[in-house]
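Two complexes, one shared chain (chain A), two partners (chain B, chain C).
Entry: the complex of A and B
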């Protein structure tokens, strides 16, 4: 259990949130020109790394807004929180 | 606004704690991110929607709660407001906002049940199954929190010291009511 600082509501417990998976995955501009493998790569394949990962989260039991989180998956330490559409603050 | 029957029919009194369902009052959900919206609301209700997170604004008639940066909830303080008055208010808001494409107005009177919790043990009761930190919340009159109590979504509006209104979805109200009464016996 950990605390997430929602960019709209402030600090809340993790149980109020839901994780939406990896962030910054761009939809291919011409899906019809992709092979099945490339399309499957876009749809299903995720990095799932042990370490710092960029994720989308939703404050589902609060303001119901989506935002991005930079989280270390090995120890749940949150390095940054930023709104949708903003550039990631850390590389 | 057709069915006002509530599964909660009684007032419960415990040591330093009173729990009662407040008579059905009008509740209207507002959504907008347009600039004209605030002035329209100001004209119709004489209150401006709060832009600061977790706060509310109000006058003797209505309260306007912040739910998210583009969503607010209005509820009436007036228990004697007739059904005609409620329909008039909804029409005024709908014609002033929804029809002109300034935002969305939805009547959610039957969607939310309002329960009033009063007494010194209010926060002891909620803390039994709520992950929210009430330290700052209870100091500030009018503060609003959307959180979970016993895994059920609720909106909490701090009216005054140890007196708050809790909004819960109708379908979950009986479950939460039973949980509140059960837990209140042990504080």
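Entry: the complex of A and C
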């Protein structure tokens, strides 16, 4: 059980948060222009990395804000936390 | 009565307080300070249980949590009995009653013992191999296995004990109350750090606290006295918390640990009353010091499992700490110096040490000199090849080891003894270290896995023998040095202690000791609880198992309640030797939490019964109670299910309620529906994007039904949303979907459409909703709010008005989930019960009938309205539900739109919602029943029933179902095959009642 540094509230226990999966997958602006395969790529395909992963987290039992987390899935070390819309830190 | 095995001198047992207890029905006595094990040994009872597979007699083998044999059932109260308790850990209390496990009919005569003679037939994997075929025999095998095997009995009644959870935050957590833990805690607390010291025993001091020989001295005091003073000082430090009888079960990432504190297990029944039994500590520590010590290894030789064979260091603790002799004539068998310490203690206490068998060719140390001076015989370079004695060891056979240790040579010597101490060296307790993510390294010279300091997670340190330091000077000096760096301390008092101790010079390790018999005819036990032998491990390797994790499972080595604390290292050693692998490369099996078993009570704490989950009640709940509602759980909500009158059944009540609602007036508490207040200048655009239909043109004061999809095109939720103002809407969701819908909408607003100026607020609890339906609903509303213009022109279907009942603001919506003319009154929840009672009062002359969820479901089914989550299951598109009319064809985009014309979603043979009528109108289908076209095998399943009722208003059975290609099948006959009959049905339209919607304006 790790501790997440919510960019709005500060450090809180993991139980206050929920994970929203891989980050930086933008909803296509013009879905109607996409082929079935392109739409399926957006809809279904997600990475499952052992190591550094960019994730969306929601402080669901706190400020309810969404933000991004850079987490090493092999040891749960969190390398960075940043707000939605901010650029990911360069590795 | 046997000889008195209690010697009269020690500091830890209070011989003035005699305690009576029962073991297997026999009344016995011990003293305050005893464990069950020490008291049994003092009564000369070694035989305490039977082994798992062969039912061999087994005795107390250790003095701690690693005990594999002495596990007992405590108590016989069906609510409080506790299985699998280690006799070596439970403290004696007045009235303690314990029973042997895994033996039938008794520990002295056990029918399963016959397995011992069948043992050539019970090799590794026996259960897997034998009981696989023929499959139909399993039930017979199972009866036999369940009856003769198995550990303790579970309680059969609810646990009456209280359990607690507590969050703990500290600067430094020290795990282990031995000398290294005490020094660490003292250094930390003296620095002013908020420190917690956790100790799994009732007393501090580990094994040093009874190390009273003058070979071991610190600053010219014997080590036990020096440590005793340290503990006295420690107890005075205010910023230190000591938790005795507390065991860390799990060490997770970010220094989050779970520990179980035993508060009453050592007390008699009347002292326990009203007290909390166990407390689960949830600890978040800035820094963690692991000082969990080491446990002694057994030696693996033929028949090494007889009662009376005990770890050498445990014999020492029983004599020095508990004052109990484990035998009158004791031999010791060792590969290291620690058995010599035991010999010295026994010798001092007047117990005859017959012989020490040491597999080493040489052993020169201060300890060995002292032994030889005392005239105790040491056989160097020898091994034990066999033992004898069924319920208690009575002799050992000893032979000389060959130089390479592979064979025995010369002739056999037999020694009589009633107890054998064994020592195979020490295993650091690295469980918690590895649980936290640390990696181990192998130290070749004494064959131990120790924490790799380069692969240790940050903010933790291992010290003392859990870090591989086994001698007093190393333990103290390294602990002090490393803690100083770890905690950033200045110079301290412990850096230049004058420490005297014996140093071990020779080492020799043989994982599987040879015998004069071929291995196939020996029983060298590895895992004493699960009865796996060295033979089993070798067999597994021959049969092709290579991974240690597989060998472990195949042979069940290390899979008992002790989790192989004694046996794992030998299993690894034998695998490494047999396969010619280096142990460091082989690695270990995974250490998983919990380190020692946790009770379910401690895990759940207070979260039982009514505290298991939140219960949500509407503001009108008390009225429902007064009016004898039966309730249904919908998520956390309690909703009235139906209101039985005069002993009605549910069916009768629902039939009556449904008729009343259509014939005159019904009233429903709809407060549990989710309500989301939506405000902001882009609110209309936002609704356009989240619902399938168009919203921008909805006039202020109007309501609209909306369907919400997932991005995959499947129906997610539905409800009516009302435009309250230019930039202000109120959305209703399903009861169960409320929280998820809000989260999903927030997600889109925050992450995909941050440019939209929209604010969402949940107001589910703030507003209560009552729905009044039926042809007389209008008259009832007119009575309550005479000023309101209820004409169809002013207040048509799907519109809303702000109004007042006395001074209370309310929102009235004219919307309908029953197909009847109906109104929804929304008021602030604290006025809801009053408003509800006014409706009931005003409706009396119209026989207004309160109805619950069951009638609501029936009425909407008559109209073919779906319930998301009942008629849908996340695999149906709007088109599958025959709701194409709700798709805004002209809208460029909305959530899920693109998915509606994927190749899969446009298939015509998808399951689609249809209505069903039974050929026999009295026959009501079961929800979930399958639909087929013919009974010819193989039977093709076409779909299933999702909703089914007997409609009192139509006087026939109706149902909704999803059926493959259902839209095209109107009029088709299908069969619903049930257990004892086949029901014929016909596919129909989904709307059964008032197809023209005339009643909405009736």
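Note that in this section the second predicted complex is superposed on the first by the 91 of 91 C-alpha atoms of A that agree within 3 Å, B and C clash if a C-alpha of one lies under 4 Å from a C-alpha of the other, contacts with A are read in each partner's own complex, and residues count from 1 in each chain.
FYI, a residue touches a chain if its C-beta (ideal position, glycine included) is under 8 Å from a C-beta of that chain, and two chains touch if they have at least 3 such contacts.
Because the structure is predicted, anything quoted here is derived from the model rather than measured.
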Chain B versus chain C as contact partner of A:2, first or second or both or neither: second
Larger contact residue set on chain A - chain B or chain C: C
Contacts of A:15 with chain B and chain C, given as first, second, both or neither: first
Which superposed partner A:65 touches (first chain B, second chain C, both, neither): both
On chain A, positions contacted by chain B and by chain C: 13, 64-65
Of all residues in chain C, those that touch chain A in their complex: 252-254, 256, 284, 437, 457, 711-712, 743, 746-747, 750-752, 754, 892-893, 897-899, 902-903
Of chain A, residues touching chain C in the complex: 1-3, 13, 20, 26-28, 30-32, 34, 36, 39-40, 43, 56, 58, 60, 64-66, 75-76, 84-85
Touch list for chain A against partner chain B, complex: 8-13, 15-16, 61-65
Touch list for chain B against partner chain A, complex: 53-54, 67-69, 71, 131-133, 146-148, 153
